Amino acid sequence: MFSFQTIVENLPTLLGAARYTLLISVLGCAQGLILGALLCAAALSKRTALRRAAGLYVSFFRGVPLLIQLLVAYYLLPVVGINVPPLAAAVLTVGLCAAAYLSEVLRGSINAIPKGQAEAALAIGMSPGDLWVRVLLPQALKIGLPAIVNELILLVKASSLVTVVGIVEITRMSQSIASSTYRYLEIYLAAAFLYLAINLVIAAAGRLLERRLTV
Amino acid sequence: MSLEPTATSPASAHLRAVNKFYGDFQALKDITLDIPPGKVTCLIGPSGSGKSTLLRCINFLEEYDSGEVRIDDRLIGYETPGGKRMSGRRLREMRCDIGMVFQQFNLWPHMTALQNVAEGLERVRGLKRAEATARAREALAKVGLADKEANHPSRLSGGQQQRVAIARAIAMQPRIMLFDEPTSALDPELVGEVLAVMKQLAAEGMTMVVVTHEMGFAAHVADRVVFMERGELVAAGAPREIFQHPTDQRLASFLQGYRERNSLDF
Amino acid sequence: MLEMLHRYGPDLLTGFGLTLLTWVLGTVGGLVLGFFLEMARRFGPRFWIGWPIRAYVEFIRGTPFLVQLFVLYYGGPLIGLRLDALPAGVLGLSLYGAAYFTEILRAGFDAVPKGQIEAARAIGLPGRTIVWRIMLPVMMVSALPALVNFAIILTKETVILSMITVPEIMFQTQTMMSETFAFVLPILILALFFWGFVEVISRFGRRLERRFTHYLLEES
């Protein structure tokens, strides 16, 4: 029999674990935005070497499954003598991966900004750094907002994979509850709907923010 | 499905008290109109007057809400007046006797001119590939495009595309043809070639209903001109009555406006 | 190193094969199911078909694939769905892919100019012919890049099947790593494999795109 009782009893524990899901995806997204902006600047730079490097980075992190990237961080980093705590390793890896996708989002957005604006900024003697921070990025963030929100939702889902490096977020927690209660269907469904709820809230918040920014 | 044409004589069409609503907006108000067989009927009027809606009711692309539309004596769209919708099969059967030409040509972009024309012959009339191709070639030759059969629409001018669309319709051997502003999307220098094909069809005795802004065509080719405004049928008659002796005030001011815009006389 | 390859070579090959197999079956299954969902949604009753499909798509797109697999593989037996890891993985991939594919197909069908469908109806083409002969080829121009792109995303999702013990390439390399404590070679193999895999699919996709759009480019 389907047991709602089990779900109700274990929901608080799952909600507690959701903190880690949110922590990893939000921090990962923030890191991805910062690194993504740098990558995007490199991709749009006049220097061929910088453009190549950015291209290589993006194609590697988009081409190799995140699960493999996580295992690289987990197994390889200690081998080369870098010992980071699992949580930091998870955020870092998720962020590195997100940066690849977000740099493409930002690049598309910056291409959508009329060229004349950059020329106008340079014409009044603005430094390239100021041009990026004060003119291009604020607009790119606004134009790319729907895609950035979408990326955050992808990260919430992708964060389920950090179970492999031993962080007890929603999925890992539901695994351990399920194996001790033998209520697999109920617990995993509860976990699924928890993710769904988080993502619906993020999507709604994104739409709200979008409307705020456009008015 | 095999639907060999049963008769090739031109058909007549009859509308009785036809009404059409889009929500609260009434697009057609109580339209009663007879389309005589073998004649050219032109529908004129300002945009938004319901001409195209009326035309599209004749092959039931637009579903009228009340009244009757008949091809000869066969009701189209419903089993009985105001009754159940007719089956898809019977509707298709009726539609392949009604050719239609659209403002935007609506050729299928992934097929060549020949394939565009042969498609219906094969899939609706049920002809063998070879026979469908032969008949499609005849139709293309008739509109003067025999040499363009292998071109895709993207490689044809607007006028050529519209002629292929006409070939697609006539290849089906329809008994009545509907033209929905066939030249409105064309550059002015390409209008003539399409009108010429239409004149030729008219001369062969095809029943034609033409929604048009080409007053010259209406004046010289039509047997009957119908003026519509705001969903109502305002005036109908021979071209001479309509263009030279308009009795209705709205028709007169519509023609006045047209003459001023085009600064020509007919 | 050679010795290791010799020892694990057969397992790795099995892994490659299973990854390819699950991807092909999952993609084809997802496309077919996604197409049926779109047809049901487009031509079926809005309330009884449209809403459940909408909910299904939202559920799949709002939850992690890993959790969906767990629900199917570990939760399935409670409702009498007892599957081995491999069929469960393929079914899971198909169900997952279908939700995304159906949305891509929907956008594609919506982009087919209405007039081209009306022209088909006006000469009496039956609905099924219109879908196969007119709508599908026309929509492929706009939908194919997105379809190929998602097929590529699916290659990366196949590694998640290792989490329910499907012995595909990820599973095999993990076994290899835990037994030999060698990390560099296995990870290199994995990375190379995926890089090549994705490259092959995108090339194939571009060729397919050319086939469907040749009529836009041809010289007269």
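Just so it is clear, A, B and C label the chains in written order, and each chain counts residues from 1 on its own.
Rule of thumb we're sticking to: contacts are C-beta pairs under 8 Å (C-beta built on N, C-alpha and C of every residue); 3 or more make two chains touch, one makes a residue touch a chain.
Quick caveat, the model's predicted, so the values are computed rather than measured.
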Set of chains adjacent to chain A and to chain C: none
Chain occupying the middle, per Cα centroid: C
Length of the line joining the C-alpha centres of chain A and chain C, rounded to whole Å: 23
Chain B and chain C: spacing of chain centres that average the CA atoms, whole Å: 45
Interchain centroid distance [CA atoms averaged], chain A/chain B, Å: 56
Chain A to chain C touching residues, read off their complex: 2, 60, 63-68, 71-72, 75-76, 79, 153, 156-161, 163-164, 170-171, 174-175, 178, 184-186, 188-189, 191-193, 195-196, 199-200
In the complex, chain B residues that touch chain C: 1, 3, 59, 61, 88-89, 92-96, 98-100, 102, 104, 106-112, 119-120, 123-124, 151-152, 154-155, 165, 168-169, 172
Interfacial residue positions of chain C with respect to chain A in the complex: 58-59, 62-68, 70-71, 74-79, 156-157, 159-160, 162-163, 170, 174, 177, 183-184, 187, 190-191, 194-195, 198
Residue ranges of chain C in contact with chain B within the complex: 113, 115-116, 118-127, 129, 133-134, 137-138, 212, 215-216, 218, 220
